[in-house]
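Each of the two complexes below includes chain A, the first together with chain B, the second together with chain C.
Right after this comes the complex of A and B.
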């Protein structure tokens, strides 16, 4: 399956200022510029209706952009048929042809687009079926298969044509949680094995964080940030990305900038660093990740410590989320290890450490300051294999 | 099935709200019918008021018991079925009686003596020709209707074009016009085009008149098929027509079967247009005109009319049985999430 003879790292798939407007009034995609290197997996993530599926359909050639250009391997594909773009697509509902067996489903594209002999088609279908472990299902129709099996057949139909660009539109959202985790890993492995340029659309940030080489966060038809998953998490470009990436969402409080403190529902003391970052901005939004909030009901007060009442405690296994309403009104979620020693309606002190604070311009949403990334040293390192 | 029970003291108890004297709600208020039908809520007046009401409650219990209700429902079914089946049985029975036996008293559905003379009579009068003509007109008519309405419904369901909604409205509006109302102008048009006394003229009329409704019906079926199937087909290299032909036609087959059966019944037995267009061209006459002839020629020869009707019904029954397996719902369901 090594179709890439040249190993250049130039842009393979490019979207240049792509916009899509329906009926002259409804804007689905406003301005999307993206570029993918050959073999890269880019995750396009965003809430429902942000234009990510429309973007994918434009890459596929199912819809034409109103303005802008789409290039594959250097040449514009706008106006060409999907078939001519040599792309493959997997849909959320799989869209298998209901009256055809798995074998016919996988082989259909080859029959329609090539003049390969039946023997070669059968050979390629079987080889793909083996890769995806669906050989036993080849004579079954979609209604005889489980969701996971349909998913595999849909993947088979996509890869059998040896596409140069692979598009996946929320392929896992119809699967149950266990199967989803398993298929996520399998799709990643498959993508690496095939080394095919891939755009993966999802609204699930776990998929976005774990799958992509890079993540493009989309909102209201506009790209908010294109970066590695960790950069989107640690250095979100704006408030939208800060709120969208990370579970639970980042805590935010908007306040007036009074140089050495931020005054809003709570009064937050600004360190020199924060004050410098906020210089010249009238209103700022102070953001802090739940895992950076500390809940200390019985220790001495420090700076940036606030009184609050516990609303709800959500244990999720190895850690718990403590939802607190601070005096002054803002809600803060803290992620703590294990099970906390507080219970609901307890009054506690919550510390929002200044060295973990993100700062945003409240008007534009643009990021002004990010804290240092947390250390990743956990003693985990690969075992030397003697090569 | 819930009735208000009028108590002797004039008060009204709603059976749904009836409580036992101890204040608990009666359990049997939730009686479910064994055939899976609607929940029956038996009438239960408060028994604590006086003995007459107590007796009434006992009566209501008997009336409301599932067995009695079931029996009543099935009786209703039986009467309804008999209402529709009896005329058919009468026609079959009438066609098999010897001459003069039709109005004998007392009436018996099973004739004492079976005679096929009425069938001989209608076949001698040209039944084979009528059957042949009806078959030709129906096959061409239904074929034409499907040939126009399938692509049209696909386009209305899938293509975004200016005036789509308006055009759909116009299509529906044409369906509202009864052909009988416009029969005079239709006759003039047919005459001008030289299509009177031709099968082509009749087939064209059927296609024109039945297509709008068929488009609407089929569009509904196309709408239930996820657009992703079209997308997948286009990515697999199909153009629009190939998408329709290879991918959508099978999932929409139950809809096509419905349209085919519906129009077959309509065109097979259609009389007014056939009589108007074909006129006196007797070699082109269809079965409905054939049946009518026994009224004209022999002064209501009921046995012949019955025999011709029975022969005319049979092909429809065959078509229905042939197509009914396509009614088995949604081939398309398998393509969606498992």
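Right after this comes the complex of A and C.
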């Protein structure tokens, strides 16, 4: 798992060792190196205050990095004003001009940056409005529109200028769940159609997992991992990524490494493979995804089975999450199909299969071992031509 | 006894219910303001209008209805038209200078504050001090500063660079300019505070959006700041206009309307007619003319600022 991507000449947007410090003491972003190919959609994801918005604002030119370099299409943009960078940005709260109609809002950037005639501006505004299905709203001011409509106009304002880099700062966080899912798909489609290099900031890991070509996970101003969404899920670079990506979070137990077993609140038997991976590490964290936890152990599988008490059962449709407290104290969440035939306070056996275990160095948090990916292929195939 | 108790309770419940219903009426909440307005504003205004149709005097008992005679007298008095001109020059210059300087100061402070400037509170308080000081004192202070010998502070400094002494108060044009300067020095604080309040309400994200949209400094001011300030600028302009049209104390202390009638504004003329010549009827007619001018200008501003939706 590379902490930093290698930069090559093909990269379109590059951040090289970018750092941002406020007042000499508060570090918002620390040594961020990223690179995006032309047309790529990278999602910057992380918890509140991890520095993702600051990173985006530095790309936009709204803030200058304290150190490091930002390059667009090969040339450094550090020190240049946002208006000189040919970027477009969609803000979390839309930031539409309240005194302007949707038409004026969308056309504003064109009027500011080009010498196009009013006719051509109007034509381009209308064409964008059609793409985003806001033609009927063109004469309305933002206070006459719903949140979703404002969001579309804000997107229109960004894409009408045909920017070289497209920045989105938590654009869906003010929308309700249904609209969010719909806009998520629309933004993805739009980005592919326009083929514009895009950085998308979010704290929502569902957005990160579903939207990005690649995901950059940030924490405490540092990049934890830059990879495809599935790689972040199956092969998290460290404990932070393991805990952040995936819903519910990965179950973890920290234990002492005693060669063939890990001794902590529970005693976990180490397979040869796990023991080898943990070799030389004093304390390890054993991690297992909720969907890999089994609450109906196979009869012959005796190993890695623990007794526990059911705390809560959360049915979420076709799956349920069973929260269990194991003897010894650790809490484990299991994701099971359907509705389990157990109820709260029942004592059950929980199996944490060794072939599904992730292993981390408890001190550094770095990953030591990942299980093999399960086949995620579904029975879904495209219809072949001619059928 | 039990019956008496329950009757009292019933009465109390009914009183409480009526009280609650009353409190839901908007009129109840408006009543104190309406009463105060009626007693201290509307009644005197009505009285002044009525008085302007009489020849009431402070030194003679009784008054006769004289119709529009007072107004006719004003309309045919060339001095009145000259005073109207002086008032218009004074008011127009004051409004332009107050609002422009207030805007510049407010923008400077806002710019600093958005970049973490310290000491902006001290700046605002010191500017505001000028506004707190009564007009008559300001008039006197400026009178002392503008004394036309080397004892006047300004002429002293001008003398150091070999200029002057300048007849700040005895030259008709300079005297009017001096009153405008003194009034501006005082009143700019008010517009600055108002406009600064308006600027603080402009969300930073709009400026950021405009920067990303490619708008430079001037365009951000023109397309974000000014439209966002529109309602504040309207209120400020109306208040400054009323303030300037009604200025009396400062001019009274600084020039007393002179030299000749070069700085004689309507408010000062009204004071002299009503309280120096004791001609209440004539004073009232001037007051009504001033009221009409204020209302007319507010109407013009309403139209010019295109603000009817927001007010």
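Just so we're on the same page, the second predicted complex is superposed on the first by the 370 of 387 C-alpha atoms of A that agree within 3 Å, B and C clash if a C-alpha of one lies under 4 Å from a C-alpha of the other, contacts with A are read in each partner's own complex, and residues count from 1 in each chain.
The rule we apply is simple: a contact is a pair of C-beta atoms (placed from the backbone, for glycine too) under 8 Å apart; a residue touches a chain by one contact, two chains touch by 3 or more.
Given the structure is predicted, the values throughout are model-derived calculations rather than measurements.
K.L.:
Could you tell me whether chain B and chain C fit or clash when both sit on chain A in the superposition?
P.N.:
Clash.
K.L.:
A:108 contacts which: chain B (first), chain C (second), both, neither?
P.N.:
both
K.L.:
Once the shared chain is lined up, is A:147 touching chain B (first), chain C (second), both, or neither of them?
P.N.:
After superposing on A, A:147 lies in contact with chain B but is clear of chain C.
K.L.:
In the superposed model, which partner reaches more residues of chain A, chain B or chain C?
P.N.:
When the residues of chain A touched by each partner are counted, B comes out ahead.
K.L.:
Is A:166 contacted by the first partner chain B, the second partner chain C, both or neither?
P.N.:
Neither partner.
K.L.:
Residue by residue on chain A, keep only those touching chain B in one complex and chain C in the other, then list them.
P.N.:
The answer is residues 60-62, 81-83, 87-89, 91, 93, 95-99, 108-109, 112-113, 157 of chain A.
K.L.:
How about chain B: which of its residues touch chain A in the complex?
P.N.:
Going through chain B, the ones touching chain A are 226, 228-229, 231-238, 242, 246-247, 250-251, 331-338.
K.L.:
Which bits of chain A are touching chain C when the two form their complex?
P.N.:
Per the stated touch rule, the residues are 60-62, 81-83, 87-89, 91, 93, 95-100, 108-109, 112-113, 157, 161.
K.L.:
Chain A touches which residues of chain C in the complex?
P.N.:
Residues 203, 205-206, 208-216, 219, 223-224, 227-228, 230 of chain C touch chain A in their complex.
K.L.:
Considering only the defined contacts, which chain A positions touch chain B in the complex?
P.N.:
So the residues of chain A touching chain B come out as 57, 60-62, 81-83, 87-89, 91-99, 108-109, 112-113, 141-150, 157, 174.
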